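Each structure below is given as structure tokens.
One chain, chain A, appears in both complexes that follow, with chain B as partner in the first and chain C in the second.
Our next item is the complex of A and B:
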């Protein structure tokens, strides 16, 4: 029999009597809620105040509510009003506020003097930076100073960086770590559609019947979106197909797991197109009205040598020529190359081809970090264009991002060497627009792009770049072929400024370390994968002298003599900057919501036209910017999207006798990027304390390696010893290994290869050849 | 002739039968037809759509009460980074390669005593969500990467948050994703401090209203504009 702990039944009845009396009282005096009494027992503090923000971590961009108590962030819950996550977060989001309070937070500026870091004041540190910049420009020219930012920059951070360097100083040495993760997505969009960022939005998930994940371990990397897929599956029985090189949690949770040989995704995508054409699944009227066919150069190289240059030469081709080209990609031929069965290729093609199935392709680093990343992006769009399954609810090729503002800042503000907030530096008109808004002479803006990220660090090594300011990123963990660039940064005559919140391997190479205000310690905006711009207010005070990246840049700009351009007031600078920035995007194609709206809503999708978001671009039904019936791919002058003929080409470095394994790198759910924040969250660090090398169980058995054994990985760049992991988080295919990159004690990037996609300049972190030995 | 009449009569009857049968079948179909809504949007976690599961599944009014294996509230909070955080997994997890799903739900959907852990398995209040390890992670080490200054917020006290002596206490915590009150308040793994005395009454929010003493800056408060 159940015995009550709190009370017995008799007193319960008494309570009920009381309650009815109280209810009666309440009905007699509506509005009186006995609030005071009800709150006895609750904390006596001022109480939690829940304030909305986008999550600090990944590109999904979940809305979170941060619980603030006595000036400290103490709790997180999902924002139920956010259309992104509808109240759900992942383990990183839920514990994100803990990352603010690590004991080793940087709170004072540090200057390196005789090999030692000495505390100083913010004023002195900023003075030093400004004078070093002036000196470098005087001695070595404008193109010797550079800034390297990140997809975690807020929109105002990136905007002032671009304005200062491109507009005022006059150098295009502005890059961001998004080059390492999103560049291929951008060039993919630009070449296929002439306009960056997905045409659809997350709501597509609620309409699609089939999801094909191209090399995308969504269960770990985009967990909240993956939960949305699972939710749809339980309600509508949708199909999830995981096409990958490694068996992961996503593979286990999907309806079909298809494993392919690295780099052969190029051939698989072409084989799907072949099947679509062969079986008459082409949406003829769509293709005729809305598509052109192009081919580009082939054998385009891998960017391994310094000062590598490449420019594609697009050429129009006919549908028949394209059809002919695809004959090399019959499922039978591709099956031999890729290891995917003919049946599986036909199975995927039949879903893409079925006019009654709505289909979403999702991808992220698998396709982007690829020496043919631009091509891979083009190829996925080909499939959707041939079948006309694009730009409508549920039919959506969707390129996901990894950082909270890779889209919002790097892609939209344009913090890449060739970009301006609107358009590119090569275009005179675009330069004029920028010069006008920035209030600088148009000659200031150089028409020539300088260095993309890898080349920028190579230039630092060569001595072409002498001064580098690194903000909100950790390149000394994340650059490929890391050793070369670490040595470069330590060379004589280089001056490195690092703004960060914790000591990292990157602050180790700094001459000046600036303590930064993190996330909700300042005001700002992020933009996520679905074009959603999200605002957050300052909720807590930054520790010590920590200062937002935006204000650091403004202070230095003023010291360099650009007071006129950096007129912003301390109290209102974020608003002023945002209002100035959105001038670049006026119009139906990229209009941004005004700040008041951002403050109210849990993010707003651009284009924001007449008080309404455009959820599906290029489709006349949803997009007011279209000028044609049906679809209008207005990024291209003739309104037609491009189907690209792109062949299969091998990877830069493939396994051979000496280095017989493939080395793949990536993330885990617990840690975000280089781990500088998530490792300071106890629950996450305890869940995933160190990096490891994942082996295929068969390979491990043959080499007599068990989990925990030490394994030496050797590539042409060097070697590293890691503990083995067999049958744990993931299972690589035979003759492949996987290493997560979050752990600064095991810098896997010391041995990765700095080959990149010649079009996007994004490195391939997923493929190089490695030798494995038990030690 | 006679035979012909009989035959045609039967044919006619048969034809009529077929027509009637078809008609009734069709109208039956119409009845059975439920318009399919193309879009089923995700609908989790709103705070105000109350007790979904309390009325379902388990017989909470008949749960064993085992004082020897009851958790305390302190233990309950131990593996939560802050009040309201998703708990970490306090035991080893055999398979790392899955998202959780059935292997977690086997024990945590309906609870029960585990000989191995000498404890009752807590029951998950949101069993419809299967990507368990998205929010709940096991703890493999006890060391830290670096110390933290993070402080858990204040935790509401128990038992004295009623309006009147003996009136039903208010709900001091957010109920997002905790739609099944009984899974935490009426099972053998429930800490004794928060175990409910009347699990048979499943419409909890009939008497217990939410009061987590929080303001949500973003929620617009309805203010009656007094018109003269």
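Our next item is the complex of A and C:
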């Protein structure tokens, strides 16, 4: 149980209980006001100092105010000045500071000796890490050392990791868990537009008439943004359409819930395009001026085998060829495949096609964690490009992120094997830019990407990688087909370093555990889903010897002999790193706000040009980087976006006689990802204490399964027993089950499949075949 | 010793009546929404017996349509 840091503990708990209720009310009744009460409900004392920060949890990037008293964080409230959340907070945000004070915080470095963890000093731990890295490089080569980070890394964390590994050591073994959640969004943007990240911003919500949610349970995963949608509905009668494989809180709050058979979203998107063309809803002038048509390879595989390689071969096609291709996707044909009625396909198409309706498409893991994730991103852009509904207020295909800095750190700093802070390692010019800013010989930066995340863990298993440093993430809960990778990490001759704030299944496989400073215990920046960079200062001291991930990396870099490149001073290193990093993004296409501006504002959207944020990119009305009238998709050499011909292809593993159900995994509102923080917040833990398997009520009835009964799930990878949930939080479609992954006591990823999108290399956590039995 | 928070939904037009009824119970604290037909209720009780008795009293209030618990802390 959480121990309050306030003298009046009971009164604090009462206030937190009140805040929980306010948050629940805000989700159910958008626009509900308790503003004065909220203020009154928070601890007040002369010593309380409110400081601004972005929330530490999801990718929405809500602005919060953290109340500091006597060196402790004691309360959180939504920042009314933040244009993201306008003073609202979700249940995780309100309770976020409690996650700092769990009883089992890691405060001392631990080294595994004879199978037991022994406390040591930070100096000794860092010395050991540096010497192990040197030894590994000497014995096995530089590509035997690796770092696996996170979309929860701050911008400086990711920047110094990339500089150390890619620039100094000379290996591209840098990956981050955003590969597991956002890689398909990146490759979708790159293939359609040549530039990553959404063209629009959250303000689109205030202008759109229709919202189509593609496999996106926003009510639980992005609750504050979803409340903005509901708020618009109460003011302007907008329509919300939930297109999903499972009935969720989002479905229940939507105007229309449309359930489809897993994987058939590919066909549905094509059917919408078919209808748009058939009914003459194409914005011909927009398409002629601003779009090209391409097709790529088909039957592209699923990445199930080690060292899987794939390279697409784009080929230009004509509009007529594309039109002909879509004849396979009439609503009638797609209805049979997807289970969605012809009427519902036409209903969605009619909104996209109506020139008088502004429309937003929103998606997150449903589309991205997909063996054809890149294709799905392309297909949603196709719909918006065909109708010209893009890059203007309210007309916005909007890919939401899951983590607070998946965009800011992983995508913008470029902590993926092929990326650099500007551009990619394969490009000589981009390597030269990096080498100059990093002050390293250009030959240091390898032109070849090495391992994406799944392959990195496979390489650890094979012994190609011998040293792995894991920061701010919990792969021993989140990797698909987990057992293989857990066994790999425990093999002889592997050395694993884990930096974290609490013990987790990932610290269990570590040779060295470094206690990390959490969120406001250090200074940093995050970048959210709408290209907004947000700064936070250090507000409190980290416990014991806990140290920021940034400084841990700098200390090791110095021990490896890179003092010249890691010249930063302790007192000013975040400012020095940010100033160095922003050199990569100078100019109108990605200019970033100076630190002093970030310190004042509740975040700034890039490109930041002449003192102003660019809210809508590629549209000459709003984007100073455009060089022609109307629209300029300047990520592509000819300024034209690409409409991709992408077919329906089945999932890697589909239900059959032996494994007759679909298994889908995901998150719940109460818990952040693997639960290592939120399961230490008593109110959240109590609200959602353990994982479960959701069954369709008819399936449950047939198998005589009731809520709470034990159910065995078996896939080709293994089995797990979970309590059943019937007619509770979510309702899967018949012959489908859903399991949340937050609970380390029920590791559902032991039985998931490590298939991935061959273009993005992002795994599909939403689809594999499973057998269900009552125990 | 437990603290619980609830969403209390009044019958249409009975919001003030519900505020008054809940406020008269010593262990209850009420926070009405400004612009919606909803109240937040916090109960602070010393033991299970008192909690059960308060819950019974609350559920007997005629202006109360629905009571939904949001969070609970054992202190």
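Things worth noting here:
Everything below uses one rule, namely that the second predicted complex is superposed on the first by the 729 of 775 C-alpha atoms of A that agree within 3 Å, B and C clash if a C-alpha of one lies under 4 Å from a C-alpha of the other, contacts with A are read in each partner's own complex, and residues count from 1 in each chain.
Quick note on the criterion: contacts are C-beta pairs under 8 Å (C-beta built on N, C-alpha and C of every residue); 3 or more make two chains touch, one makes a residue touch a chain.
Everything numeric here is computed off the predicted structure, so don't read it as measured data.
With both structures placed on the common chain, the touch criterion links A:563 to neither chain B nor chain C. Judged by the touch definition given at the top, the superposed model places A:52 against chain B, while chain C stays out of reach.
In the superposed pair of complexes, A:773 makes contact with neither chain B nor chain C.
After overlaying the two complexes on the shared chain, residue contacts for A:234 are found with chain B alone; chain C is out of touch. Touch criterion met: A:683 reaches chain B and chain C at once. Contacts of A:224 after superposition on the shared chain: chain B is touched, whereas chain C is not.
The intersection of chain A residues touching chain B with those touching chain C, taken from the two complexes, comprises 9, 14, 18, 22, 34, 37, 41, 682-683, 686-687. Chain B contributes residues 38-47, 61-63, 65, 81-86, 88, 96-99, 101, 128-131, 133-168, 170, 172, 174, 176-177, 192-193, 195-199, 207, 211-218 to its touches with chain A in the complex.
Partner chain C is touched in their complex by these residues of chain A: 1, 9-10, 13-14, 16-18, 20-22, 24-25, 28-29, 31-35, 37, 41, 682-683, 686-687. Across the complex, chain B is touched by residues 2-9, 11-12, 14-15, 18-19, 22, 34, 37-45, 47-52, 65, 67, 69, 72, 74-81, 86-91, 94-95, 97-98, 100-105, 203, 205-207, 219, 223-224, 226-228, 230-232, 234-236, 247-249, 252-253, 393, 502, 600, 602, 669-670, 675, 679-689, 727-731 of chain A. Put simply, chain C touches chain A in their complex at residues 1, 3-7, 29, 31, 33-36, 38, 40-42, 44, 70-75.
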